[in-house]
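Data first, discussion second: the structure below is written as structure tokens.
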Amino acid sequence: MTLTREQQAEIEAQRASPQPTLRAVSPGMEAHLYTAQPVLDHGFVRVIDYMGDDAAVVQAARVSYGAGTKHVSNDEGLIRYLMRHWHSTPFEMCELKLHVKLPVFVARQWIRHRTANVNEYSARYSILDREFYIPAPEMLAAQSTVNNQGRGATLEGQEAARVLEILKADAARCYDHYEEMISDEGQQGLARELARMNLPANVYTQWYWKTDLHNLLHFLRLRADAHAQYEIRVYAETIGDLVADWVPLSWKAFQDYRVGGATLSATAVDCIRRMLKGEEVTQETSGMSKGEWREFREVTG
Amino acid sequence: MTLTREQQAEIEAQRASPQPTLRAVSPGMEAHLYTAQPVLDHGFVRVIDYMGDDAAVVQAARVSYGAGTKHVSNDEGLIRYLMRHWHSTPFEMCELKLHVKLPVFVARQWIRHRTANVNEYSARYSILDREFYIPAPEMLAAQSTVNNQGRGATLEGQEAARVLEILKADAARCYDHYEEMISDEGQQGLARELARMNLPANVYTQWYWKTDLHNLLHFLRLRADAHAQYEIRVYAETIGDLVADWVPLSWKAFQDYRVGGATLSATAVDCIRRMLKGEEVTQETSGMSKGEWREFREVTG
Amino acid sequence: MTLTREQQAEIEAQRASPQPTLRAVSPGMEAHLYTAQPVLDHGFVRVIDYMGDDAAVVQAARVSYGAGTKHVSNDEGLIRYLMRHWHSTPFEMCELKLHVKLPVFVARQWIRHRTANVNEYSARYSILDREFYIPAPEMLAAQSTVNNQGRGATLEGQEAARVLEILKADAARCYDHYEEMISDEGQQGLARELARMNLPANVYTQWYWKTDLHNLLHFLRLRADAHAQYEIRVYAETIGDLVADWVPLSWKAFQDYRVGGATLSATAVDCIRRMLKGEEVTQETSGMSKGEWREFREVTG
Amino acid sequence: MTLTREQQAEIEAQRASPQPTLRAVSPGMEAHLYTAQPVLDHGFVRVIDYMGDDAAVVQAARVSYGAGTKHVSNDEGLIRYLMRHWHSTPFEMCELKLHVKLPVFVARQWIRHRTANVNEYSARYSILDREFYIPAPEMLAAQSTVNNQGRGATLEGQEAARVLEILKADAARCYDHYEEMISDEGQQGLARELARMNLPANVYTQWYWKTDLHNLLHFLRLRADAHAQYEIRVYAETIGDLVADWVPLSWKAFQDYRVGGATLSATAVDCIRRMLKGEEVTQETSGMSKGEWREFREVTG
């Protein structure tokens, strides 16, 4: 990650002068505000602002259920109850605003989560920096042979070296040409909105991204998952660490009921019942396809 | 408005202990936090939390436009530019969370604005209070004779008295029966989720409602408008006063470019041009319908 | 359900004249178009239009995965794969538009599903009909004693009779007064937008409601569930029957992977594994709360 | 535009066999179904499905306003009224599904319209084709000197030739390397999800994109505007031509009230009034900034 000296000074200034507020304050998140968490080779995630905390989730739920919620002994119990029964609206009452620097091909996956607010750096308006994501050698993976949408073994030796050479050289050449085309020295200079089309998808962009806790957890469930592409997963994991400090009770319930849990089909529930009665169930007698059976065996351990 | 002593004590406690934060703070909004602003006879609007301020709008815009925005001399100029050119995403970077108490028929209009987060008091779960909106005598209006969707003159004399008598008596009787049906003294007691169907639409409900500044301004434009029903307009006006103190520059731009402005059709633009050249334009020669012409004359004054 | 003779004639006219189209056609849904399916005592659900069919789900998925999807042998297999792995976007490519007549208290629950398009009958503009939902005697249930948000046993004898008497009499009286207040005979006549506040929540309203298949299935999962209030559940079940004829493969996958399935927490997965290894697990040794354990035992059977 | 022989045969098959339907049918749109409308050098827009027509807009509005709308003499009058008064929900009752092939940098602008359903070709899963947008020489424009976000004069002579040479050579080289990296001949072969990062932003992608008429018109207003980048504007214009044949009355109202119209600020309305009274108003006396005044003069002609 490369923060300019100017950016670093700005962050320090923002962190230097706390002001009094009457709003809900999350001490865990205050500790992270503005600080850039490095991700990949040039990327980062910075918390710009947040609204609410675990108590805000509880407060919203108590508006809905009125006096009725008082019999749930404490905040943690209520948050677990809400998570277990898929009550989404109380979690929507917290909000997070991030500043993210990320490669364009990661941004293209990320933006498919539509329930969020985004202000992205405009390459129509401004000039992109010469910064490209080049994978670390150990992250250069072969195409998976069993999964069309996944990675297999790490590339080795000369093949790996050749890939890195290509990625670096093409990025450098494309950026040189980008600069050459937009230059107005001795020529008219191509419009930025056109010149940007010559930049490959590993160029870095940045944006402000704001979403509520419910949609954020949904994003993290999909993007911190083992099946997500590594390059977006590291962003999701970095954000997850911030969320754990922001709303620790919600995060714990999310880990237990979403991330570490499992969803079973009607067929799978039936198999569990048969197995608990002592029946030997095989893929053939399960009623599941091979793919389903493989996933089912991962659940039953 | 009737706040219980308990609620009042809770508000005072919330307002008593400011905490330090590194986040953007809006002094104008801090002054309003938690305090209930009375609306109608039993309703209120309370700010529970907010995210961002005018500077946050500017900050998000500058991410998009990079160094390019520096030539706009100041924050106010940039906010005016964004509002004038319908740039919505920077305004989405601010968020407001309200606690609102309002009659059900107002809630039914309000909820049609879908881009918001809502936690409403559950009448399946809890028992509604005996509170009904009874209009002030001067707000009892006759059906408009020119507009199917509007109000005409104020009702007078005996008719007004009779209406108030009906509204009060029916609300009281329906609530008595509601209590009678759910009572479990000497009987089973009807389920709350069924009993509530006996309550008329002027019964009060309450909710937490959270939305971003862009969608909030859109809501205010429609609901603080002279054509909106009075009973929702007073809520919109109350919220507008809070927004004015929260993000004064955005509010001013909104007043100038949305509320006080006008939208002209192609035909209307053509008429303006003809009139400025000295032509006498009438409805007949304007190409507009009577309705359009009437609205056009309001613009040209 | 009461359709006027005029409405019935309109439906017959709409069903009488098929036209040629090149679009995807679902024969199962064509058979239902426009016909009113009765729900509750005066309500109905009518299909006004639909877009797409099972093949449209497959087609959209194949755009995403290109030639890669060809190894999935057939449409049903692909649809099951998509449902199992929570791929939502292909199901968003089908759309359903319904005309629904429903009590206001049901409409208030329904509208909380925000990802839909709605045009509701306007009681500001027009006069509501004298139609109120009065539960069938066998649906008059007592408040649950174990669940704050549910129903218990059916009301009996005099108590049931008294409830029906109240609901009928209050609805009739409120409507009589509504008519009296808006009447312009010998008086000014109260504005409709005000008079409606005197009508109880079991009055019927109607709307056009349009949503995509993904969001529709989410709605059905929540509202056709045993924990949903009976009065909205019957609407969800009626719509479910229509969906089964519209997109039979998607419906079957939805039944297997969502409706009939189960979601397990990390703790529950751990318990399953321990039980399959022969351990005797009790609530005390499970790490679950009583509520969780009760739900867990329903899954294990 | 390059459709394969296979795609062309598929389109012809789809167009060969009309089926009967009871749904609303738009003859204007049936004529376009499936046919690829060429855009840019390799792109296209194809209508895959649609729901509703002008009558469906009217029908939804009449549900809302009931008998009250009958005094509006005809469908066109009602549609114009709805458009003039910003009634959005009736227009949401029509839906359009398109298959679009477009350069990635255009897709990145397009996706910022969040209220739509999208299934994009997955470059994690499948291999992108060797197709890149290379601007026609007359579309190669210099950076605007007055507007940071715009184009100026067309590039000339050697500069233009050099730009085209760069764009073609870099695209070809990057694609050669993409193929080389993913090849599994004599090597492991890099994962597709990684290799794609070497492709520049003028590579073509494709997606299914579905949205409702209200949001579609909003998209067209912004993207068919003179300030939109040429490369997305041609898509918007192509779609506009299709919409004109699909819902001709709505399209006409949209042209008159949105596209050809103007929005005035409170200050501008005041200036219009002063000018109509005969006052000579200049920028200095107008109360407007230079930018606002320039835009105002365009309206007054």
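First chain written, first letter: the chains are A, B, C and D, and each begins at residue 1.
Throughout what follows, contacts are C-beta pairs under 8 Å (C-beta built on N, C-alpha and C of every residue); 3 or more make two chains touch, one makes a residue touch a chain.
All of these numbers come straight from a predicted model, not from anything done at the bench.
In terms of the stated touch criterion, the partners common to chain B and chain C are A, D, listed by label. Under the contact definition stated at the top, the chains bordering both chain A and chain D are B, C. With rounding to the nearest 5, the Cα superposition of chain B on chain D corresponds to a rotation angle of 180 degrees. Of the pairs listed in B-D, A-D or C-D, the one whose interface repeats that of B-C, with over half of its contact pairs matching by residue number, is A-D.
Ranking A-C and A-B by contacting C-beta pairs places A-B first. Of all residue numbers used where chain C meets chain D, over half belong to both copies. The two sides are thus made of the same residues. Rounded to a whole number, the gap between the C-alpha centres of chain A and chain C is 33 angstrom. Each chain gets one centre point, the mean of its Cα atoms, and the points for chain A and chain B are 35 Å apart. Among all residues of chain D, those that touch two or more other chains are 65, 68, 118, 120, 122, 125-126, 148-149. Chain B makes touch with chain C in their complex at residues 103-105, 108, 111-112, 114-115, 118, 120, 122, 124-126, 133, 135, 140-144, 148-153, 155-156, 159, 163, 166-167, 170, 173-174, 177, 180-182, 184, 187-194, 196-202, 229.
Taken together, the chain C residues at the contact with chain A in this complex read 65, 68, 77, 80-81, 84, 148-149, 255-257, 259-269, 272-273, 275-276, 289, 291-292, 295, 299-301.
Those residues of chain C that touch chain D in the complex are listed here as 14-15, 17-25, 30, 33-34, 48-52, 56, 59-61, 63-68, 89-90, 92-93, 95, 97, 99, 117-122, 125-127, 206-208, 210, 212.
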